[in-house]
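What follows is a set of structures to go through.
You will see two complexes here that share chain A, one where it goes with chain B and one where it goes with chain C.
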Partner chain A sequence: MSAATSPLVASGTSRGLRGKSVRSRIGDIAGNYWVGRIVKAILTIYLVVTLTFFLVRLMPGNPVESFILNLVQTQGLTYPQAQAQAASLFSFDVNAPLWQQYVDYLGNLIHGNLGVSIVSTGTPVSVMILQYLPWTLFSVGLALLISFVLGITLGILMAYRRDTLPDHVLSTIAAFISGVPNYLLAILIVVFLGIRLHLVPFTAMRGSLSPGVSPNLSLQFIGDALFHASLPITVYVLTTVGGWMLLMKSNTTSTLGEDYVLVARARGLRDGRITAAYVGRNAMLPLISALAISVGFIVGGSTVIEQIFVYQGIGWILGSAIVSLDYTVMQGIFLILTISVVVSNLLADLLYGKLDPRVRIAGSQ
Partner chain B sequence: MAIGTTAPDAVLTTDSNVLVRSAQSVGGLLRSLARRPSGLAGLILVTFFVLLSAVGPLFVPGNLQPDVTAIYAAPSAAHPLGTDSQGRDVLDQVLLGGRTLLIIAVIAAGMSTLIAVTLGASAAFLGGVVDAIIVAVTDMWLTIPQFPLLAVLAGFIHFTNPSFMAVIIGVLTWPSLTRAVRAQVLSLRQRDYVEAARALDLGTRRIIFSEILPNMMAYIAINFSLGMVAAIYFQTALYFLGFAPLAGNNWGIMINLAWVQGAIFFQQSIWYILAPVTAIALFSIGLVTLTRALEEIFNPRLRGNLS
Partner chain C sequence: MMLGTRRNAFSRSGASDASVPADVVLSVRQLSVAYVTRRGPVQAVRDVSFDLHGGESLALIGESGSGKTTLGMAINRLLGSSAQITTGEVLYQRQGKVTNILTLNKEQLRRFHWQECAIVFQSALNSLNPVLRVADQFVDTARAHGQHDRGQIEQRASHLLRLVQLDPGRVLHAYPHELSGGMRQRVLLALGLLLEPQVLVLDEPTTALDILTQRVIIETLRQLKQELRFSMIFISHDLSLAAELADRVATMYAGRIIELGSVRDIFYHTRHPYTLGLLQSVPPLRGTLEDLRSIPGSPPDLITLPSGCKFHPRCPLAGPECAQEDPPAFVVGDEHTSACLRWQEVRSPRGEEAAIGEPSRVMHSARTPRAEEAAS
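This part shows the complex of A and B:
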């Protein structure tokens, strides 16, 4: 972009130079790969914030209104009293005009105020999120890492040994298992390994930690955290690893046919170096952007998986909030889930841009 | 491969030729599916479950009668898959429960395919600002975790009407399909026969409906199938977690009842929970493997024997 205007700069006067630099700097910033990604992430979060606000306020039989009426009927409060209580729970003034409420809501969010739970009265939603979110981030993050590394390794092996028996067996297993909905696998683990065969002490594995264990940097704590997270992690890994394997296999196979691999061979480079630096690296690139989609998928699945294993993460508390119609908690958790996914998408994008300069350059044109 | 998907002489075909050609390509498609084991297995599973959902309810006599003398009965001649917590026959419930599941999946997938084709094709054809906006909105929508959004929505609106639930699922699941359609239309636009149609000034509508859409049917079918997989997951998970009203017959509702009323307490109830779990899992596996086989057939780069 700046290359197109450079002749003007070279021949231009000092005035032309200054005029160019301001305009092209704005252009450079707006067209910059990194800036573009960050702006998009912020816009997405803003979109979801707005969506959840209007969901709560404008839905037929909206929760604020029904909550007020419920208070009037069950607790014998007057309408204004009930309204005042609702205002403190939902952290906006119910009487103010809608746009005012919206602005207040945004202001509260910026200060981290997500309102107060309706069901467990008095508990701020932000406190609940801080309590439950780390467990979901831990289990989902670890599962993603294991599944990605395992899938890539197996995928490369399958591509190098394609059309052999191990390849056929692994391909079939991968295709089969990636078709099973993850929560059904979780149910099968509980029913078969837990109840029928007594192989997995699934009742002792409930919760995010055993009673008496507190978060600190001891081996006992780490071991216990892994013990409780192991079932959800197993399910996430088993249901996603097949997709990585098949994707990596097909990418590696097509990369193996590229001219630069042939040239590398002709240059007499060692096989290990060709696999790592030429084939593996290029075949892996498209998977980085798939990583972003996978994060959203696993986070979404955690809502179901954590219910089955009673793993007390954010998905588990979201489920309880939906069943008990705790609207402020639902709203806050959905927001934080979206923000987590948007941020991990952003990280995947930035990583992709770092690894593949072509994306950065194409993005700024 | 004996499949006539992208005939270079498409410009010269008349409407009747299109019919003949598509009939031939359906035959060729079935033949190349049958040649790969996973594709054949997927095709058989999907056909089986579609037939089961269509004719299954005909074999079930009216209302399911509770029978207190046969609670959690093991499989027998009278109850091939055993009975549930009220002594009702599990096989009957499996026969009944596929139809609404399939209908919801088809409506949802149809909805999301419709949105995806419309948006994806408009983005690719109109380009410029429209393209930029559609791409940006699609990317943003894609990052919103869909199942939590659906679950939260279920808390606000009660999905008493299954077709309404289907439409909502369809409205949630279009973004990844939109990307695929846009990319596909962009690449088809560059093909010689589309260029030729343009040079002949055949008009945008003619080009879209006669030249581009027929060549995209495979992609649309693949996306439709993926949309069904997502819709099956979403609706059964909603029912399983009890986020949607448990009325009517649906395998998801069966899993919910089996889980809540006994699976984790009674060893005998294993048949009850296993039946719907197996049905949903096999249907999903069938759709996924069929889709994957179709992708391999239509996208030879994935076939893995070119090096």
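This part shows the complex of A and C:
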């Protein structure tokens, strides 16, 4: 805990012992706050894990059972043989009662063992995730960054120029594009820009890298990665930037009316300083929590978008897993998606605490 | 106490040929301000003229909505885009050099702000950026005016914070939300003095505060004024506060200064019925509430002003001529003007021959006769 958190409390020497107890109480509350947040995050992840586990098993035509039957039919195994193979794949005993399977599954999870893919036989799910997740993190992360920065900049601009032509034009565009579903935009790009007009070489852009390019720190690699990610990124940016613009515009407009902005002008501060530290920073604060929600949306949306563009990220793999009924992979990916959303929420909270001293509490420093 | 050398805020383009008496730092001439609204222009300030002398403090008194804040902001050209300065000049003089503030360009105006004239706003609670520490807001201010030595700035800030009776160790590194309203008000006062401006405008600096904190701030201001010798425009609707701090008082009604004179003249030789009404509506300290006589009626709509004297619908002395002619400012005494056609008939409740003493003290005793009336 830092002593700088509350100079008033810390220097409450006249209050003697009482001052001290107040201070430690604040520390307790702060500690509890972050412990609470983390417990809540873990609980969320646990609930999703449990839900997916049981959903998969309660699906009509138990997928494990149908997988076993499939093995029997296609590979000519006996039923017990097939069962044994299924057990090793799913990393739990298919004969054990459901609760036993559940406990085993959780135990394996804690050790990072997500089971083995049913379809690409033998490949551990964790290896698949490690292979495909970086591409999604890269494209989604970059898109989010571009969208956020662009949206904030344009939003501030619109607020400063409100009720002028540029503002009206941008507002209309923003309202329109934020209403377009991302999969629709993706399909439109493929159909019109790709197939009809041949403006976008979307077949060459399939995959996450061109053949022959391998991950290293060369310009060629980075350029190629950007080339392949550009379509998903464009879609993510276009469908989210309007929301940031409108949100930032309304926040900036109300911040511009704050007394401290007028006082900053009266103090003779330069416009740049006022815009950045007095208007921008305060107007941006409420957007930090929206950022976390946005991560969830984009990550969820990536499933469809990566299918459409054949961009080989985690969403693409999830799509293939769904089509081929690869349940272990599905389970693993749901888990990863959940974790990414929960973690980004936690990060947003932390960031918010860093940026707004009014919510900054001892435990967060 | 100066940090570095003061750069002159103005180049030639803001310079004015107008002549201003040598001891005047700020001369406001025929200033009018209107807000553009759907219903029409709101004439918030109308034809206001006054001089502010070096080291002097002028109190600007008036009911809510009489245009005090608008005037204070217009002097600093801080009004929003819906406000238009329709006529007038604001002449500022430093070391014999006269500048018309209304013709400064953007950068000149920026340098004029705070360096030459600082303004502490009505709602000080929200005047500081919530995400910056107090020290950073001092540093920001000094940097904007070409002082970059952080250590030196903080040292000066600490000195000023002590002057306003705050503990710099406690306040300087705090965030605004960690300070009480009274502390924030004093921080702003200290901030206002950071660049040693010639003119300090205080817009109701004590209105939101409890009576004890009010006293501390008034005392602090009185001492600061003696030590630092800046000129001050003190905006308030409380005449008794004005009496404690001001050398001269201007009363405003419907955007116009209707009486202007020394504190003594305003209190003992009142020459305008509206000022008289203000004097009588000061809440009693000793008498009962019945002593409080409010001015009947309410201020006029500033879009459709009444004809003639704007006060005539509420004026106890009004005669037929008052609805016809808008009275000019009559010189009614030495350095004393009143915009009333019947100024000769106005009698101050304290009597013309009232003992001359410290106004605030006499004011209280002036209430006593009324208190006695009420008691009998």
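Miscellaneous remarks
Everything below uses one rule, namely that the second predicted complex is superposed on the first by the 319 of 365 C-alpha atoms of A that agree within 3 Å, B and C clash if a C-alpha of one lies under 4 Å from a C-alpha of the other, contacts with A are read in each partner's own complex, and residues count from 1 in each chain.
Convention: a contact is a pair of C-beta atoms (placed from the backbone, for glycine too) under 8 Å apart; a residue touches a chain by one contact, two chains touch by 3 or more.
Keep in mind that what you see is a predicted model, and the values were worked out from it rather than measured.
After superposition onto chain A, partners chain B and chain C are found to sit side by side with no clash.
Contacts of A:I187 after superposition on the shared chain: chain B is touched, whereas chain C is not. Of the two partner chains, chain C is the only one that A:D356 touches; chain B does not reach it.
Considering which of chain B and chain C touches more of chain A, the answer is B. Contacts of A:R281 after superposition on the shared chain: chain C is touched, whereas chain B is not. Touch criterion not met for A:F148: it reaches neither chain B nor chain C. When both complexes are overlaid on chain A, the residue A:I293 reaches chain B alone and has no touch with chain C.
Look at A:D259: by the touch rule set out above, it reaches chain C but stays clear of chain B. Shared-chain residue A:R270: touches chain C; no touch with chain B. In the overlay built on the shared chain, the residue A:S178 is in contact with chain B alone; chain C does not reach it.
With chain A fitted onto itself, chain B and chain C come no nearer than 9 Å, counting C-alpha atoms only. Against chain A, in their complex, chain B makes its touches with residues 38, 136, 139-140, 142-149, 151-157, 176, 229, 232-233, 236-237, 240-243, 255, 259, 263-264, 267, 270, 273-274, 277, 280-281, 284-289, 292, 301-302, 304-307.
On chain A, the positions that touch chain B within their shared complex are 40, 43-44, 47-48, 52, 55-56, 59-60, 63, 159, 162-163, 172, 175-176, 178-181, 183-184, 187-188, 190-191, 194-196, 246, 249-250, 253-254, 256-257, 292-293, 296, 299-301, 303-304, 307, 315, 318-319, 321-323, 325, 327, 330-331, 333-334, 337-338, 341-342, 345. Taken together, the chain A residues at the contact with chain C in this complex read 4, 6-8, 11, 258-260, 262-270, 273, 277-278, 281-282, 285, 355-358. Touching chain A in their complex are the following residues of chain C: 76, 78, 110-115, 118-119, 121, 123, 125-133, 140-141, 144-145, 167, 169-171, 173-175, 177-179, 188, 191.
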